[in-house]
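Next come the structures, one after another.
Consider the two complexes below, in which chain A is the common component and chain B and chain C are the respective partners.
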Partner chain A sequence: MTRLSSGEVLTGILGAATLGVLALLPLADQGYYLSLAINMVLFAALCTAWTLFSGPTHYVSLATAAFYGLGTYTVGLGLDYLPFPVLVVMGGVVAAILAGLVGAATLRISGVYFVIFTFGLAELVRQIVSYTQVKLSSRMGLYVFTDFTERDIYWMLLGLTAVVFITGWLINRSRLGFAMQIIGNDETVAKHSGIDTAKLKIILFMISGAFIGIAGAIIAPRYSYVEPPGAFSPMISFLVVIMALLGGTRKLWGPLVGVIPFTIVMDIVSVRFPNDTSIVMGLAFLVIVYLLPDGITGRLEQFWAYLKKPRAAPEAAPVEERA
Partner chain B sequence: METIVTGILLGGTYALIAIGLTLQYGVSRIMNLANGETLIAACFVTFWLFTSYAVNPIWGILVIAPIAFAVNWAIYMLLLKPLVDRARNQGMLEVDSILATFGLLFLFQGLMLRSFGGAYTSYAFLAERFELFGAYYGLNRVVAFGAACVIALALYLFLYWTRYGTAVRAVAVNPGSARLVGIDVAKAAALSFALGGALTACGGTLISTFYTFNASMGVVFTMKALIIVIMGGVGDVRGALIAALILGIAETAVAGLIDPGLTLAATYALFTFVLLFRPQGIFGRQQA
Partner chain C sequence: MTAVALSVNGARKAFGGLVAVNDVSFEVREGELFGLIGPNGSGKTTMLNLISGALRPDAGEIVLSGTRISGMPAHKIARQGVARTFQLVRMLPAMDAEHNVIAGAVFGHRRLWGAQAREAAHELLALVGLRGREHVPVAAMTYIDQKRVELARALASDPRVLLLDEWLAGLNPSELNIGIELIAKLSEQGRTIIMVEHVMDAIRSLCGRCVVMNSGRKIKEGNVEDVLADPEVVEAYLGDDDDA
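The block that comes next holds the complex of A and B.
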């Protein structure tokens, strides 16, 4: 571990200050804006956790809904027997175990298999959960009654987002982060320099999955009634992919830039045009691929580099263009 | 026995869809996740032709397949070709094409929801009993299977007995070398993508004769087709055929013997098994 640079200290202080200001929000409003803010913080946590794995590896993971639903379900099942904080941790552990299994089956081979496997994973887990639940207890849903208010959920999610950020920052500073950078740039090189690529990818996927599971566990009291189709809704996976890529996954804070506008857009669309959410999501994907391949932050960086570059010097022969 | 026959009848239609997808991924190198939407669109067009104009679904194929061919060709040329040209390596193209076809998936799904609503749709076509090996099956399923066989046979003849088919297979094996022997790879890729879309649409038309469908069901079929493609080996038409039959039987068996709600679990069990033991597919050779 190297010592902190002054820039990092500054970022840390700024981050803590932002967090402090955001934590005051429930004092100002308890209604619509708080509920919108919960969505934002929820997706901020989910997208940042998603980016921990999918950012450096470029693997589009659609497993989010499966981890999230498992977290929600753990709370729903155990609330009568165990205290809430224990269940939140358990939600993370269960999600991490699933991530480990999926990773072990798919991350040793090419990335496409991983995408396809996670594509139906939420639906698979939903089928198994419904099946076992009907077999064991002959009812479909679970009641989640707690004393938590929207305000408590907001604070917990805000805390989780902070933890995800700190974890991401620590990973980037660690040997794991360095290795992931090499894997992301060129996997063959990584393998030849003695990195156990599959193992590291699985570890990172488990960390990312655990945070998503915890987010699902924290949000559970908000629903008060949990059913498999709602808890494992595949929409969550796709929304997370859109928001994270819209913001850009190169920087830790990149996804945030996508989360804030897109949560607002989805909120408006789901109220005014509830039948057209798929069309909006489809267009968002197309915009990302054709107009913002590196996300909004990627475009901003390009623009920044363009401004900084001295105008007179003609561009040196572009090396990457040759393929 | 009854399970096996039902499974094979179902697998026949799955095979068409999966062969469509394997052509698109194996030759054009586009992982088309909007494939199921082509299928559902074909279901709706068949339904519309049948209920409004009393067009027999089997003849409907003659209209639907060329339309699907043209639409998929246009999608490839307008949306996917730019991605192929801009990609610096296979990995980039995969990520781009996955995201782009996700976009198409949601866009088409949303448009179909707008036009047809979210309700489950079906119609009665040849809903009679048909006796086979002492048990009864829906005549529509048997006819759909027969039609699937005819289409698959035609495709087989095209791929294995014509010069153009050979060129397509060559691109599937190695696009770089195919270019060296004078094959127009870009043209073959566009053709395969369109042909794959047309086959999927045929599968959709056939499935609509015996299956209840709705506008948001495409993803389920895409999922099944993807797993069949991987089981059979990417770009391998014969492998896809065998894998589709295995999947059809496995699904019918699980639905009949354990619980209809667990069909996807059966699919995944097969998928995991293939990934762990034969990631290159049933007939695939180990990559060097």
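The block that comes next holds the complex of A and C.
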């Protein structure tokens, strides 16, 4: 728990190498593939950030769109007054504050209500933003003009994804990470073992929400005009859940396995059959829940365990051993 | 006379019109193995839940080694040094035995981490008779072994007071003997233990003093032999036909 194992060092080197190769991608292509890559890196950051909280706790959050949209809007509103990096940080802070409020209000209640509450909250935030904007100004959206190219946005998102991964890895090694695993297993045991379950869940939800807000802030310049239906689209929340579940949420890199194929599929579908994306999402959800409840990585782990099993049968004679 | 480890003064808990614990007081001394007995529905488990913070008392106070713990949330009471097992064994099902026990060592009264926590877990698993089974997933264990893991987890926080909620229930006769020996061993090591129990043989052979509850009230307190011979206690048990 304290020193690095050789496996962790190897993973770190592999991760850094992968990051280096991915960072070179925009030099090869600036058109379609870069655009697709931005989507992938965006959802890699979103899904991994989502999994930081929802993976260990099994609380399904549909508030992603709210955090993401708040990040986008922070940039849109502040761009004339403050430098972009400050706004990115602010986007994260605003999202974290909202996550803290939601957490304080809902995380003491059980999972089902949490799903509904977060979904309702995202919609509410969207409506409030629309309403305020129509009341206070004449137009529906905000202009976001910057000098950033697609390349810059790609690099920023790639950096963010790396930070999310490192954060997740640090959490997993910490007491916080172990506490979250215990909470996910049995919350009653967690409480009676001395874990302040409500506080830790709120902290983790805030960390997760902050990263989602930052992703929304970074992506804002990509759309020169942002408006609530796009920035707070519930599609974002659903896509994140589907991709993360497809990949599997037990491991930090699990969601990635879902993000890569699903982004490509969604891209093809939205070009060829632009009106049928919801059908694809619905079908994908059914398939995942029925066939891959633990995601692709969960299936792989089961397969792995199955291959290793035959040599050990530890549970044959339980009573003989004496204290 | 040894110091008081836990004192309960006038504890009360009602669920709507049903008073589950009604003005109950008793004291448990350091190193004592204290029994909490009574027929079904007499409020024993509720009493245990009040001590561990699963429920908050409506009135009265509970003091642990000089610190008032009644009113605190469960995790704070755990950190003060109260550990418990559950009537229906509660495991962390996705983890192995070792991590189930480490869970108790990391966050509770003791707060160990890393190699120290693992070492403590291994020692305790050996103590409860699970040496060499550290990496077995608890989901693949038998009922008594899960109970052993749960006991080791409770011990891992090095609690001032250990609460056992019918830890012996559901064991077959040979397992029962193993279980009684194990609790006796913990008591010899100086642990302060409060056990809620239906198995009268276990209470007789293990406990020095006990409290008898009936319909939420304390009806008797004292040495086990005297208490179990008391006419009122006998009547409480015999008058209740779904228990013995």
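Here is the rule we use: the second predicted complex is superposed on the first by the 309 of 323 C-alpha atoms of A that agree within 3 Å, B and C clash if a C-alpha of one lies under 4 Å from a C-alpha of the other, contacts with A are read in each partner's own complex, and residues count from 1 in each chain.
By our rule, contacts are C-beta pairs under 8 Å (C-beta built on N, C-alpha and C of every residue); 3 or more make two chains touch, one makes a residue touch a chain.
Source: prediction; values computed, not measured.
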First (chain B), second (chain C), both or neither touched by A:185: second
Partner chain in contact with A:175 - chain B first, chain C second, else both or neither: second
Touched partner set for A:275, first chain B, second chain C, both or neither: first
Partner chain(s) touched by A:147 [first = chain B, second = chain C, both, neither]: neither
Which of chain B and chain C A:197 touches, first, second, both or neither: second
Chain B or chain C, by number of chain A residues touched: B
Touched partner set for A:80, first chain B, second chain C, both or neither: neither
Interface residues of chain A shared between complexes with chain B and chain C: 323
For the chain A and chain B complex, residues of the former touching the latter: 58, 60, 105-106, 109, 111-113, 115-117, 119-120, 123-124, 127-128, 130-131, 234, 238, 241, 245, 275-286, 288-290, 293, 320, 323
Complex interface listing, chain C residues touching chain A: 52-54, 73-76, 78-79, 83-84, 86, 90-95, 102-104, 106-109, 111, 113-115, 117, 127-131, 133, 136, 140-142, 144-145, 153, 157, 174-175, 178, 181-182, 185
Residue ranges of chain A in contact with chain C within the complex: 1-2, 175, 178-179, 181-182, 184-186, 188-197, 314-315, 318-319, 321-323
For the chain B and chain A complex, residues of the former touching the latter: 31, 33, 82-83, 88-89, 91, 94-96, 98-100, 102-111, 113-114, 216, 219, 222-223, 226-227, 230, 259, 261-265, 267-268, 271-272, 275-276, 279
